[in-house]
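For clarity, chains are labelled A, B, C and D in written order, and residue numbers in each chain start from 1.
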Amino acid sequence: MCRFLFYEGSPITLSDLLFAPNHSLIKQSFQSEERLEPLNGDGFGLSWYVPTIRPEPGLFRSISPAWSNSNLAKLAEITRSTCVLAHVRAASEGLAVYEGNCHPFVQGHLSFMHNGDVAQFRPNRRKLLAELSDASFESLGGNTDSEYLFAVFLDHYRALGDGVAAADRLARALVATLDEVLRAVASFGSQEPSYLNIVVADGRHAAACRVTTDRPQYAESLYVHTGSTYRVVDGVCRMLPATGAHGAILVASERLSSDPGWTEVPPNHLVLVKTDRKVAIEPYTLPCALTDVRQNPA
Amino acid sequence: MCRFLFYEGSPITLSDLLFAPNHSLIKQSFQSEERLEPLNGDGFGLSWYVPTIRPEPGLFRSISPAWSNSNLAKLAEITRSTCVLAHVRAASEGLAVYEGNCHPFVQGHLSFMHNGDVAQFRPNRRKLLAELSDASFESLGGNTDSEYLFAVFLDHYRALGDGVAAADRLARALVATLDEVLRAVASFGSQEPSYLNIVVADGRHAAACRVTTDRPQYAESLYVHTGSTYRVVDGVCRMLPATGAHGAILVASERLSSDPGWTEVPPNHLVLVKTDRKVAIEPYTLPCALTDVRQNPA
Amino acid sequence: MCRFLFYEGSPITLSDLLFAPNHSLIKQSFQSEERLEPLNGDGFGLSWYVPTIRPEPGLFRSISPAWSNSNLAKLAEITRSTCVLAHVRAASEGLAVYEGNCHPFVQGHLSFMHNGDVAQFRPNRRKLLAELSDASFESLGGNTDSEYLFAVFLDHYRALGDGVAAADRLARALVATLDEVLRAVASFGSQEPSYLNIVVADGRHAAACRVTTDRPQYAESLYVHTGSTYRVVDGVCRMLPATGAHGAILVASERLSSDPGWTEVPPNHLVLVKTDRKVAIEPYTLPCALTDVRQNPA
Amino acid sequence: MCRFLFYEGSPITLSDLLFAPNHSLIKQSFQSEERLEPLNGDGFGLSWYVPTIRPEPGLFRSISPAWSNSNLAKLAEITRSTCVLAHVRAASEGLAVYEGNCHPFVQGHLSFMHNGDVAQFRPNRRKLLAELSDASFESLGGNTDSEYLFAVFLDHYRALGDGVAAADRLARALVATLDEVLRAVASFGSQEPSYLNIVVADGRHAAACRVTTDRPQYAESLYVHTGSTYRVVDGVCRMLPATGAHGAILVASERLSSDPGWTEVPPNHLVLVKTDRKVAIEPYTLPCALTDVRQNPA
């Protein structure tokens, strides 16, 4: 399990996003509040877009904890971006802690991060990987279920092609990924639930989800916050009220501060960031095969 | 603040010492129980003696958390030692997380580790360092109060010379260090308390202490466990009853398991490991200047 | 390409093996002499056996250069072993520098390291991996041709089973691996040569090879040195003459010193370390398919 | 010894500066050409200014070699700056390889880097540090002669105060630093030469020097390149001819390509980057005490 944060909006200095809020992602790296285990110290990662320089994002990942990485702190003070994905990792038992397993994963102009687990991934990994295209198979740099999810996503994204509008393409590829992976998991016959909180972005649009095959109340936490401009004053995030297209959107595992603007994303819903930063929250329907498999893990 | 563990006894495989106990030092690196903040994730260190190879210990330090360092796990499985100092660090605010600041500190055949704080160290650091001998000044590889303590110790240890029996030399140098540092702190006029839990060892003897100028009940926790042989069975440490000289001694910030043999070291006491692994617990008297300065920090 | 060193013999302090010789492996990490490019700074690895503790070896790998890793230097001074594999890496272009790609690779009691290249590995990787057993596929922690070679080896080693004497099992599995991989490469139709200098060991026996499909004179360098006891005096390795079973064997990419006892392993030969540390050098015959493919790469 | 590169000019993508040239600083990290030893693999560092965000620079330092650090490569592709100091390190024998010893050193809005050695630094370190102000003493995060030079510089820079124009202040503080340090070294009575190639910058102005007390021909190499705009085409750096104030300046240990615009800085000269990016090359006169001490080290 892990914690993550997504931002899109007018250019923001990364330290205002990552360090300044009272309950910042950096603080969540050692003191998260909505997981049983507060620690997310198995490395971190950050991708950020600067469209005036290039469409592909920057990427900074490390296995050292986010809270003590001085390069991260210095980089964040001097870097501005319009689209940021940031992730602090709590490695699943037995999975290696190395940079290649740190989120976000980046391919071309796409960034992807995940909080959760694909049930029964490890015993079925080879079978699942066999379904990937050669390109997606070769893109794997690590061995996590999260990166596998991204590989499935890439196959659907490529299949949709440039003909589909960018925001729709992300959304449809994400739904297709959820459907495919959850059906595959169901076919293994296990009752173990999956947890799929995901953000995927192209620098201008994004698709996120809060999905689980567990009872809905056990979904990993996810919040959204929108407005016109994001500000942090004395650790409290504020959003100036939205007045139009050039707003700001935050999607986060935990609320960054006690600002009342944070909205919980309902379980099994998508958060779609469309052209001009319009945000839609839409239900996601689990594949039929799974509708009876809602139970709490031991 | 930090957590640490000292062992002396018959050769032990390091993984039995560091990983196997239910409440092992590795577990304390992310879930310590006797500190307000459970996390000690700012690196770790390990020195271990193999007298049949050389009198100087091995040293392995890293800024990565102890719980995810695969080199530590593999090294611990294949290494046996008769004397081990192990430490997991929670860096004081503002102090750099790099290997040179990780405990234990080693000079020649001596190893030293600390859990606590020297009050008012940073604003008075230059003044304090000015009192060191050239040799001790040059031995500094980092900038912590802990390494300064070791430098003071080295000066007293050298001054005592080889003429003093090894166990006494460690004990007397440690007491002289406590006296000197606490007097210096008192001279700064601050009411802020110091916390000085220390272990220093030469591979065959050791001196440890649990000292504070705070109210005694606020001393950092410290425990001792002695017997003839240390065993871990299903995560529970057991000591076979002591039958003579070749016993085993554990000194630890927290009890490694619920085994009843663990004894709390009283505040302001020394733990002395003498020749033939005899253990004495003796009171330490704070310098006069400090006896009125016992109050709880805000 | 890379440089490596294998030792088997009476217990040796690792620093005498890795640091003390004039042309030690550590020196080869920045100044190797028998490669066009002298630098092998993309990490290192070390596995070492201590049969009195456990049959599985210790493993220490890092992406930092061997020459500046203080943990390696300290560990080497205090550790003795009867069987050591050590490797300094020069990453092939485009392959990630992370610990999971550092040699040696270890599975159970087996250690494996490689110096060279499997021709046309990357474009054919998925096809090659598809031939592995599930167990060998799951054992992969990185994405190099070297680790793939080990996975093929493991399949042959398992297929041979415990019924085959340990030394023979290593030797036969290595030959089967060479045959299988070289036939697969030949089937790709490329004229690009492969370079396969390998050591695989179980802690008591070993099989090594110096193999190429290039012209023999372009094989990666490999040397062997045997005797009764290995000594380093002032940087020069010496072997006391062999007097029986408990001798010492070194297999190294480059001679560790100017001692005249070093013998070049002829191209396309195996070096087999059998029971009681007897050493045999035997020819390896390339699969028929390859005998015409001997040409120098551009 | 080390290699470094300074840039000031219109915003440049860091990868064009650090990676693209045929003989880039990254290439110099493993294959420098104007030192006896081509390797500068003991870490690297980078400070870069983005005045539209803040006056203090970003800072990224690591002990991993520059050539294999994927975070550096990704950061460089997405970051633009008007003023950059970059450094690849070859640690002097016996000095620790850790981030705190990597250049550049940064204090407030100032960045500092050094290539060379202060003669007799280590045996006289304590004496030299005793001359520093408290502020400069406390600013030390490592233990190199290079960081000591910066500390001396900071004292002179502070003493000059805001009343001195920014470019002059850098230049005068640098000259005062050279004078003070070389006089101190002369007072030790050693004939060992010092090598002081330095760049110090405030984000808009800079002062650099190529100074030695050795015979001039043994000075560490240093080059300068100026013009209106810096371009890299197929690995060759080009400068469009200067047409006015908003030009570009490169100061580098080695020429980044065979472009004829590179000029060697004469030994014992300063390179001053003044307001509006005007560049002056001026002689530096060694303190009298040193004029007879010009000899080649053994």
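Operating definition for what follows: a contact is a pair of C-beta atoms (placed from the backbone, for glycine too) under 8 Å apart; a residue touches a chain by one contact, two chains touch by 3 or more.
In this text the structure is predicted, and so the values were computed from the model without any measurement.
Taking the definition of touch as given, a chain qualifies here only if it contacts chain A and chain B alike; those chains are C, D. Counting C-beta pairs in contact across C-D and across B-D shows that the higher total falls to C-D.
With centres defined as mean CA coordinates, chain D is found 41 Å away from chain B. Contact of a single residue of chain D with at least two other chains is seen at positions 70, 96, 99.
Residues 30, 39, 41-42, 63-65, 67-68, 70, 91, 96-97 of chain B are the ones that touch chain A when the two sit in their complex.
By the touch criterion given at the top, residues 96, 98-100, 125-126, 134, 137-138, 140-141, 143 of chain B touch chain D in their complex. On the side of chain B, the complex with chain C involves touching residues 13, 48, 50, 53-54, 56-62, 70-71, 74-75, 77-80, 99.
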